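When the chains are written out, they are named A, B, C, D, E, F and G in that same order, and each has its own residue count from 1.
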Amino acid sequence: MKKFFSLILLIIIVVGMIYTIHQIPFGKNQSKIGKYFVANGKDETGAANIVTSVVVGYRSFDTLGEVTVLFLAAIGLGAILTTTKKQNHDIEKASLILNTGCRFLFPLVLLFSAYIFIHGHLSPGGGFQGGAVVASGFLLIYLACPGKRINKVGNTISESVGGLIFIILGAIGLFVGDRYFLANFLPKGELNTLFSAGIIPIIYIALGFKVGSELNSVIDKMMEES
Amino acid sequence: MDFLYNYIYYIGAFGLILIGLYILLVKHNLIKMIIGLSILETGVNLFIITLGYLDNGTAPIFSKENLESNMMVDPVPQALVLTAIVIGLAVLALALSLAIRLYDSFKTLNLKKIKEQKW
Amino acid sequence: MAKSSVKNESSVKNFLYLFIFMMLIWLALTSSLHWQELIVGCVVSIVITFFLNSNYQPLGLPSLNLIKIFYIFIYLIVLFIEIVKANFDVAYRVLHPKMPIKPGVVIIKTSLRQDIAKLILANSITLTPGTFTLDIKKDKLLIHWIYVRSENIEDSTKLIGARFEKYLGKIFS
Amino acid sequence: MTILIVFAIIIVLGMFFSFLRMLIGPTASDRAVAVDTITTTTVALLVLLAFIFERYVYLDVSLVYALLAFVGLVALARYLERGI
Amino acid sequence: MGIVGMIITGIGVLFLLLGNFGILRLPDVYNRIQAGTKCTTFGAFFTIVGIGILEPNWFWKCLLIAAFVLITNPISSHAIARASKIIGVLLCDKSVIDKTEEFKNEKGV
Amino acid sequence: MIIVITLLVLMMLASAITACIMKDLISAVIAACVVSLIAAVLFFLLHAPDVAMAEASIGAALVTAVFIIAIKRTKRHEE
Amino acid sequence: MKEITYINPVLLIAVPLALAFIIPILKFVWEKSIKWIPVAGFLFDLIVSITLIPIVLQKNIIVKIGGTTTPFSINLVVGPAGLLLSIMISLAGFLVAIYALKYIQEGDKTKYHILFMLLLTGAIGVVLTGDIFNLFVFFEVLCISSYALVGYLGNRAGIESSIKYLIQGSIGSSLLLVGIGLIYGQYGTLNMADLAAQIKTADSISLFVPMFFMITGLGIEAAIFPLNSWLPDAHSSAPSSISAVLSGIAIEVGLYAMMRILFTIFAAESFMGFLLFLGVITLLIGEMSAFSQNNIKRMLAYSSIGQIGLIVFAFSIATASGLSGGFFQMISHTLNKALLFLATGFMIYRTGSMEISSFRGLGKKMPLTALFFTIGTFSIIGLPPFVGFASKFLIFKAALAKQELLFIILIAVIILTTVIEGAYFFRIIQTLYFKESDDKSSKQESAITALIPMFIFALLILILGIYPNWIMKFIHSAASELLNKMSYLRSVLG
């Protein structure tokens, strides 16, 4: 019975959406604000990657909210999992090959993540992707070497400081130049060089640290045993 | 072929959305439902990205000389989806932690068998 | 006192190895020699090396010299030839209508000591014809062989591992 | 250029074989092996596509892809051998 | 240069197809891993390097990606194979020898 | 190119359905991982490399790992 | 004209966020100060919001963030309606934070304070923003912190209800996102005012579908009738201070977002008749279910559903006076429900049980708490001279002004529900005062930090009940801002 009703509901949704889709032809549709960003984005923000200039420039307030959401997830996970029973069982150790391989790859992964979030304004990537790569590097170590854990204090500090840098940079914008929150007050530099686009690379580096340590603490809390 | 070109991404996105919703509405196992949630989110993201596509377009990155702005795909949906993916991850992690707690307290993941609270 | 100075020297050496390695990877990643990229690459490499140097020491990186680099090249060529052979081998087995396979699990021995040498040996075995590493314990490797030619340890070792160990032993001496 | 697109189609056909193994594979290990192969194949596909689109910057994606599929598979393997 | 690159890419693509076909055709997990590690690694390596030759500016990055695949793929295959050995996935009936028990009695890591 | 896209979409939908019907949760998670992996390729084909990167790193690796950890701490089979 | 200087309203969001990010570091340095951080943050917000009132009454404040001209970057629109809600949120946040100084003893207190702060910051973001995707993001902040807070105590009921809430809430937010996508695909913009300028009528189906998705998504958070099965569980199993905020703020914020979308973007007049019925059904269902409860927190939660139904009814009248009634009812509901939950929290804390029957004789043991509780119940039923009477009276007046038979019937139904409400609340009051307690232990009043916020809430209820005209001007301008689409457009787009 329940299946039947859900199927009917789904069919209604499909019909509605198909009807609406006819208004939005595929591949012909460049929206008004999209056009504006593509045409003016590189001059106004100095970033070669327009997606970055939208994420950290025009719509940076969204990004602030998004970082908050991630922060909340880490905190909420900790609050929920604090009182779980800890299980105790013997763990099969990782084989030597996996262990050595992961330890060999770990610096590489970190270097690569640094590349991703430093070059966020020039090539695809940025704080979130870089942070995710950092977290997966640490995940690799957790998986391959059971018992190794990250320094929690350092992790918390990098998490908080990353967020604070974002907000403080935003607040500086209130007092210089055009006087609005998250204004890009630093010089724009030359397009397609590393030191360009004003505050965007700085924010992305802060975000990389913050996202990396948040995802890291999420994984760490979920894997916590003993 | 024309039909396929115009609608294949929409078919994929709606397919994912529907499968995700179906899992969420019909299944009772909590982890299964969370898998459904992740599929649903992937579908929504694919849908939003599809909205910004432009025929013969290219990515909105001015990394080389001969790129013009009128052949670039819309950057805004990409920015939105970037946000949505991270939010989805946050919800997923929270849901899974709740699932772990649920299993600790009730020794089951089947939501039908849990009747602590009633109307 | 002397001991600590030796240790210092080796740690400095390790630092340099890791730093150069990171820098090379960075250069390949950016594919550019712009001064800004170089500066940032140096900074990032130094930071990563500073934090991870102590973790890297147990891997037993060899102390390099010219002869070893030469052997590394030879090793790479041997490996490449073996990989090409391996592919035609697998292609033959897959495409043959009767699938001529005689799989089995055998044990071989190795004389290598360092972890990273064992890793390279195991990876090479995995990439070469008909064999891959299932497990490793001290000096014994458990090998899955798609067409078993020999069942005792010594012969298997000769057939599977010896051709790599010859060079690896020289590199990691 | 056409021949490259043919290459891409061949690669996707290859992925399809592994995908069938992912669907029918009797044990979880079979599926994991199939996913491993799919990801390696996809890395090649992404590089090929980057060449077809003539964008250098797209190469980063395939690097991330190669790395992260590895992480997921290691997690899976460690679960199967009861390691985490 | 263009033709060389094209041929190398073509060889790579062919082997990718073969490797994936092997995954489908071979009888048990271990034999599948044989196909999966060799053909796909080789195929991916050649495809990527072939692209690098076609566009010389891309060469170093392509080489990096290829090297990365070359390092990680054997490790992950090894991890999966070891896991399936530990949980006791059986060898197929064509197998002639199994020394796992003997290996289990070995000591050390 | 359209053939590539169609095959990919079909594979993605098929693995989503597999994730729906599998009783073994690990298999379902593997299937969901494949959905994410193929979705990343589709994002790439739609010229959204940023999103493809995020989907590959977050959707395929971290989510799979987090799911596996959660299954490890609960129960593998659906009842 | 001389430019008036004011504090930038973006600080209303940025400062609490920064404070929340500082808390984890503060844990290592000076742990005792953590619980005062939310108090300070919301005091700041309250003061800033109040200083903005005279400016906002003249014209809306448009705050640019990180961009250039209006439709291309995100902006905050601080109008009377948004400011009114933001004042309510920071007031409730401030008082509940004071209450929580003593009340929160279990679990990880640091994390509680962070989650609490971010919950209300998300709410402020939702009411102030002028961009639909930004609304979605802050909505997620609000939702995720409430999921975590409902499961915060870690008992069986809390975990179960948190899971239900999470699953339904995430379906809702996915639907909201699909709706936003459809809107963006058709109109190519995300700014609310720009959208409103392009959308003339909501008649075509291609517009109705995204509207349906967005309303369903927001309706789950606002707990409108078919979508409210999560609410009683979630609100009754959270800690009492959180229940107060969830009941008093979270669902109202969801409702406000929904009304903002309906009135400003879509201008969907024809949809209002449908909502009218939904509101009355929600009201009926909520009050009837509340009548049969023995658990006091569940009873209060169901009563919240009923009140939400009443507010939806008031908004759906879609006249200026109806909207004023809706806003006034929002204020009164926030004050009443917060007061009731706060008083109940300490009553449960002392007796150790949520059953109504175990509250016998508490009127003598905890005279002040019981007195505040009584004030709250009288106000929520709608007895003069409390604020509940004024707001309900306003709604009735607005409905009667329509002069249609339908409205008269609906009003009769609402009066019936008021009687039901009265019946179950008087049952509690009877239990409190006129039944003898079993044990004869001495007086055990609530902690002083709990009594102060309760006292302030009670005082506000009384003052606003006697002199509703003090805020009437503000409420009227809020209502006209929400109703008058053109003036909103003009203020944003210039």
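By our rule, a contact is a pair of C-beta atoms (placed from the backbone, for glycine too) under 8 Å apart; a residue touches a chain by one contact, two chains touch by 3 or more.
No experiment lies behind these values; they were computed from the predicted model shown.
Chemist: Indicate the lowest number of steps between chain D and chain E, counting one step per move to a touching chain.
Modeler: Graph distance in the chain contact network comes out at 1.
Chemist: In this assembly, which chains make contact with chain E and also with chain G?
Modeler: A
Chemist: Could you work out which chain's C-alpha centre is the most distant one from the centre of chain E?
Modeler: Here the answer is chain G, farthest from chain E.
Chemist: Would you kindly tell me how far, in whole Å, the mean C-alpha position of chain G lies from that of chain F?
Modeler: It comes to 38 Å between the two C-alpha centres.
Chemist: Indicate the whole-number Å distance between the mean C-alpha point of chain A and the mean C-alpha point of chain C.
Modeler: Each chain's C-alpha centroid was found; their separation is 34 Å.
Chemist: Can you give the whole-Å distance between the Cα centres of chain D and chain F?
Modeler: 12
Chemist: Using mean CA coordinates as chain centres, what's the chain E-chain F distance in Å?
Modeler: Chain centres of chain E and chain F, defined by C-alpha means, are spaced 22 Å apart.
Chemist: Find every residue in chain G that makes contact with two or more other chains and list them.
Modeler: Each of 133, 137, 140, 144, 147-148, 151, 154, 159, 178, 184-185, 190 in chain G touches at least two other chains.
Chemist: Could you say which residues in chain C touch two or more other chains, in rising order?
Modeler: Each of 25, 29, 122-123, 133, 135, 137 in chain C touches at least two other chains.
Chemist: What are the residues of chain B that contact at least two other chains?
Modeler: In chain B, the residues touching two or more other chains are 5, 9, 17, 21-22, 50-53, 57-59, 61, 63, 76-78, 80, 82-83, 85-87, 89-91, 93-94, 96-101.
Chemist: According to the definition of touch, which chains form touching pairs?
Modeler: Chain-chain contacts present: A-B, A-C, A-D, A-E, A-F, A-G, B-D, B-F, B-G, C-E, D-E, D-F.
Chemist: Enumerate the contact residues on chain D facing chain E in the complex.
Modeler: These residues of chain D touch chain E: 3-4, 7, 10-11, 13-18, 20-21, 27, 29-30, 32-34, 36-37, 40-41, 43-44, 47-48, 50-51, 56, 59, 62-63, 66-67, 70, 73-74, 76-78, 80-82.
Chemist: Would you mind writing out the residues of chain A in touch with chain B in their complex?
Modeler: Residue list for chain A touching chain B: 2-3, 6-7, 9-10, 13-14, 17, 21, 24-31, 33-35, 37-39, 41-42, 48-51, 53-55, 59, 62-63, 65-66, 69-70, 72-73, 76-77, 80-81, 84-85, 122-124, 128, 191-192, 211, 215, 218, 221-222.
Chemist: Touching chain C in the complex: which residues of chain A?
Modeler: Counting only chain A, the residues touching chain C are 95-97, 99-101, 103-104, 106-108, 110-112, 114-115, 118-119, 193-195.
Chemist: Which residues of chain A touch chain F in the complex?
Modeler: 49, 51-52, 87, 116, 124-126, 128-129, 132-133, 135-136, 139, 215, 218-219, 222-223
Chemist: Touching chain D in the complex: which residues of chain F?
Modeler: Answer in residue numbers: 1, 3-4, 7-8, 11, 14-15, 18, 24, 26-27, 30-31, 33-34, 37, 40-41, 44-45, 47, 49, 52-53, 56-57, 60-62, 64-65, 68-69, 71-72.
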